[in-house]
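Note that chain A is present in both complexes that follow, paired respectively with chain B and with chain C.
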Partner chain A sequence: MSPTLHPLRAPSELWDGPIVDVDVHVEVPGVEVLRPYLAPVWRQYVDERGWSQPFGTFPYPRNSPASARPEWRPDDGRAPASELSLIQEHILDRGGVEHAILNCLFPIDSGPPDLSVALARAVNDWLVAEWLDADPRLRASIVLPARNDPAAVAAEIDRVGGHPGFVQALLPVRSGMLYGKRLYWPVFEAIERNDLVAGIHWGGSNEGLPPTPSGWPTRYIEEYVSEIQVFESQLINMVAEGLFQKFPALRVSMLEIGFTWVPMWLWDMDRNWKGIRREVPWISRPPFQIVRDHVRFSTAPLDADRSEELEHVLRWLGSDDMVLYASDYPHMHDDDLTVILEAMGEESRAKLMADNARAWYRLDPAETMADGD
Partner chain B sequence: MPLESATIDVASRQGLEGLAIVDCDVHPDANADVVRHLPERWRQYVELTGFRGWPTETMIRLTNRPMANRLDTTPPGGGIAGSDPDFAREQLLDEYGLSYAILNNISLCSGGMPGEFEVELARATNDYNETWLEADPRWLSSINVYALNPGASVREVERCRMKSDRFVQVLLDTHLERPAGNPVYWPVFEAAEALGLPVAFHITGRSKHGKSSGVGPVTYYYEQRTSLDILGQTVVPSLIFEGTFDRFPKLKVALIEMDWTWVVPMAWRLDATWRVLRDEVPDLQRKPSEYLRDHFWFSTQPNLEPERPEQFYEAYDQFVRAGFGDRLMFATDYPHWDMDSPFESTPRDLPRESKQRILSGNAAALYGLDLSAGENAL
Partner chain C sequence: MATEPDPPRKRSRQGRVVVARVSDIPENSRLIVTVRGREIGIFNVAGKLYAIGNRCPHRGGDLCKGDIIGRVYAERPGEVALDPTMKFITCPWHGWEFDIETGQSWYDPASPPPATPSPDARHFGVEVANGADLEAQLAEGQVGVVDERAQAAYVDPTTHRVRGPFQADVFPVDRDDEYVVLTLRSARATQR
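Up next, the complex of A and B:
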């Protein structure tokens, strides 16, 4: 039974201007598309195992309704979001979309570390050849072998970070170890060096650790709802470890986790900083202020269904720079854009739908005009 | 100002005259005294091995005092803070004129001990808490249980209730082997429901090692101290989606020292996710936010401190509009360093009715307390 969902587009009287969609997923349909981008040794590795998929589990169960909105699920058996024509039809060509940022969550990060590196390189080369070079409206996140080998992560960022299509380094929120830890500092150094955004995204793999401090959730719905706390732990750890003092130009996006939880979590972070700040003396101003300067949040899942309640949350954020529109294509949410556009107020709607993301990801609207409207 | 000379001034009761106060979270931290209540065999075991399995985190607190206690809570007659019920009575019950205060004895959940020991430890803790109950009629106590042994937990709950009806709730760890709603714990919920006792979850627990967050250990006490609500955010979805409340429709759950600020966004996330994933939980009888509203209670300490004072009222009003006005209960967290005073932590401009509900009314309703009996009766 499919629920009746809110329409994807906001009513035109609320927004008919340009759109930057900061969280659009692209799915690797199978290992075979990566073959041209794999060295012979890894092609052999794949062949010997009769592989069509990597070891890792997909963070999104393929048959779960949440993993693809019904109208975005091709009825000919192709995987959702697995071809450019699908994303063009469903997102890019629907008018107004100036840029969309591709986040590929293909689970490259399991098995031997050299394989992870090879798969990450292959996915990134595939993204360049078949997506970024094929449609000027697309931007993408660099897929990274984020576990175990920060040097390899930094090397991959340096290898492809100069490509104008890559605007972000994709870091799954379940990383097995909190991202503020010093082990990861070379990664953030590389991200800053390449003028990229660090995109912390739902999902990932946790080195066998459960994704909650109380053990393994049993149902996917429980796991999905419980994910906010994982982002909260990452956010406070990044602040506590002094990441934003060490890398003062660092920009972080938190993706597919919504933002209604953010102000109160930051109030808690401020409150305890007041009491405990001598333990973390490098935090020289309230954490909320640091986050306002260094972190952005994508809209989906929006959750809130009443604009008068969401208005409070947006006001508590204390800035209309912090929230970036995302469809989270092809995932199914029941986001009602009317709610957030009404809550934003007319003067901030352009920031939500495009301007904030343009500024954050250094996007130039003129670059897409050839193929855009 | 050097820490040693800092004192906490008790502000006036102004604005709260005639309101009863119930404190939902007081910590006896008398580990040595608890150990004295163990059977000889396990006292020897502690002597032999000590308590093993403390996560590193317990060592990164800001002070070398146990449980980061407030400096001036160390009893003048000796012993550690939270070890002298008479001094605690003077410093807490009498000082603030409390009607009741609930003991949550959480200081000995290390995690690396044998199962039989844990069962005996829960019993010893409850027996120790009973010495507080005997010292003043205003003390109430939670019942410690070792949830990984549900059968022993049920027996311990029943044993305590046979002793005194001032054992008012069952206390479970939050860092568990499996999240709170897992059917492995259901015998405990069944017993609590049958006896009409709320089940409380308090921060920390025996299975904390390696999972102080959903991504492994934190680094700083600042993170640890702030990461209270992350625990509530795992307890709630687990209990709801496992169907716990359909099975135990009268079960009441108190989330103690886990903040209340995350509750409204959680209600929104629960329902929004359920709208797309409800096929996965077809047996669920109601919208998930309705379970949150009907089955959960929350405590105040550490209370919300937003950037601007008026934001407290905005956030609290939103919490009330979402249906949680009768669910927030005052707590001090005495004798820990970040204790909240009832006189200073409840914002002055709340309507008197809200103050009454937070300071005592909601707890009195949950625990069935008679507020007319206290010296600060309404």
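Up next, the complex of A and C:
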């Protein structure tokens, strides 16, 4: 069988080299898998209350087609992306995949703050024991406790950030308060201190935060499309507040939101910065340049259908270092990678598919080659 | 106080033009004069005189009607400071800052100069001379005087509203007074 670079729907003449997939989801199938990693007091809490999962756990509803590809949905009722064997079969063993970064969206924001901390610890220890230690191709993002306790967030980053499998700390984009605010400085300080990437990811777990500043939209399609504006607000705020001057080594990834929206927002910021520079005097060069140095964007969902249109956007980005390939497994965005591979041009395809992510996440291809897969 | 009724209206070869009495531009005020069809703002900032074209190189706004502010700087958030030694004129249209001494635009100080001409504001040489010296220079054509029909105006430093037309009949020079002399070549050229 010729290797199928799944989930690429691209002819192999466009790309048959190594792949780093920066957004692969892993689902906690239920609290029972976490029990061994919970402290006794929290095991008792869970047992006594019959607590099964946080409110708002993302269940990949069967009739929401974009939530998971049909072929990635186990027939036996298991949750998609909930076991290592599923991810191996669907992503890792399809050929070419050098590394995949696991992003677990287990929503643990609400409830008692100490439970949130206990659950974050349990999920991270579960990720280490049953995923990272089990397959050298895997890397993962640290799952963080509720953001309204920045000290606890920083403490969890410090607790597990030294594990070589963790390359990122995951921050849901709907945060209640914009991430550039000084309240969050201890979080980004910890991320920088542990040489991790801050991964801003689609969603807001269960804090009840809508994707628009005017409240909840009515339909799924609106939420799907509206989320971009939350990312825009976070990006603009992080730049304006001087997060990248405060933490000069900080790297931020914006995940599961594409990148076509980036140039026009930063043109606008560059343009207005010229007149109100003194309001943000720590920004001593055009904001777009700061973003080029400090921020990356994953491809999925790829909201463009024609490569000639995407060529414009890529040129407007002004750098071929900024975009990282992601399957967004097990979601189904119907991305056609032919479009972006053609738009990137031959000389930049290796950057898109692997090199940018290797550099950004400090990945060493030799680590997985050595295992002889 | 002898004021000659009919001043010589020669153009100086050096582009030097008497534009006002020193007392017309008290400290922290400004005067916009029209010299040879060009509006130029003369500023007295903390006792020092500056002259800059009344046209923002960005979109053509009345640059000389903007605020004068010190340079705000910071290495990182939380360390904001003011450098009072460097003064900017800010365009009232879009807020771009220009060094009032050199006309250097300041919105993008860390970037290399663009391939297109630098969008700096036009700035001019300005000096103070006494009437006795100017009298001789006027006679020899080394200095001109501002056109008496020139549209010149005070600009209120707070509201930036134009206070009224300048009375050009102060010219020519009074031997006992001191005058502001503008040099129409750019200050950059005269510095060399």
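Just so we're on the same page, the second predicted complex is superposed on the first by the 347 of 373 C-alpha atoms of A that agree within 3 Å, B and C clash if a C-alpha of one lies under 4 Å from a C-alpha of the other, contacts with A are read in each partner's own complex, and residues count from 1 in each chain.
One rule holds for everything that comes next: contacts are C-beta pairs under 8 Å (C-beta built on N, C-alpha and C of every residue); 3 or more make two chains touch, one makes a residue touch a chain.
Note that the structure is predicted; figures quoted are calculated from it, not measured.
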First (chain B), second (chain C), both or neither touched by A:W273: both
Chain B versus chain C as contact partner of A:A366, first or second or both or neither: neither
Touched partner set for A:E232, first chain B, second chain C, both or neither: first
Chain A residues touched by each partner, larger count belonging to chain B or chain C: B
Touching partner for A:Q245 - first (chain B), second (chain C), both, neither: second
Which superposed partner A:S284 touches (first chain B, second chain C, both, neither): second
Which of chain B and chain C A:T260 touches, first, second, both or neither: first
Overlap of the chain B and chain C footprints on chain A, listed as residue numbers: 241, 273-278, 286
Chain B to chain A touching residues, read off their complex: 62, 174-180, 182, 205, 207-208, 210-223, 225-231, 233-235, 237-238, 241-242, 259, 261-262, 264-266, 268-281, 302, 304-307, 311, 314-315, 318, 321, 337-338
Sites on chain C touched by chain A in the complex: 58, 69, 71-80, 91, 94-97, 106-111
Complex interface listing, chain A residues touching chain B: 1, 3, 64-66, 173-178, 180-181, 206-207, 209-222, 224-226, 228-230, 232-234, 236-237, 240-241, 258, 260-261, 263-265, 267-280, 286, 288, 301-305, 309, 312-313, 316, 318, 332-335
Residue numbers on chain A that touch chain C, as the complex places them: 182, 241-243, 245-246, 273-278, 281-282, 284-286
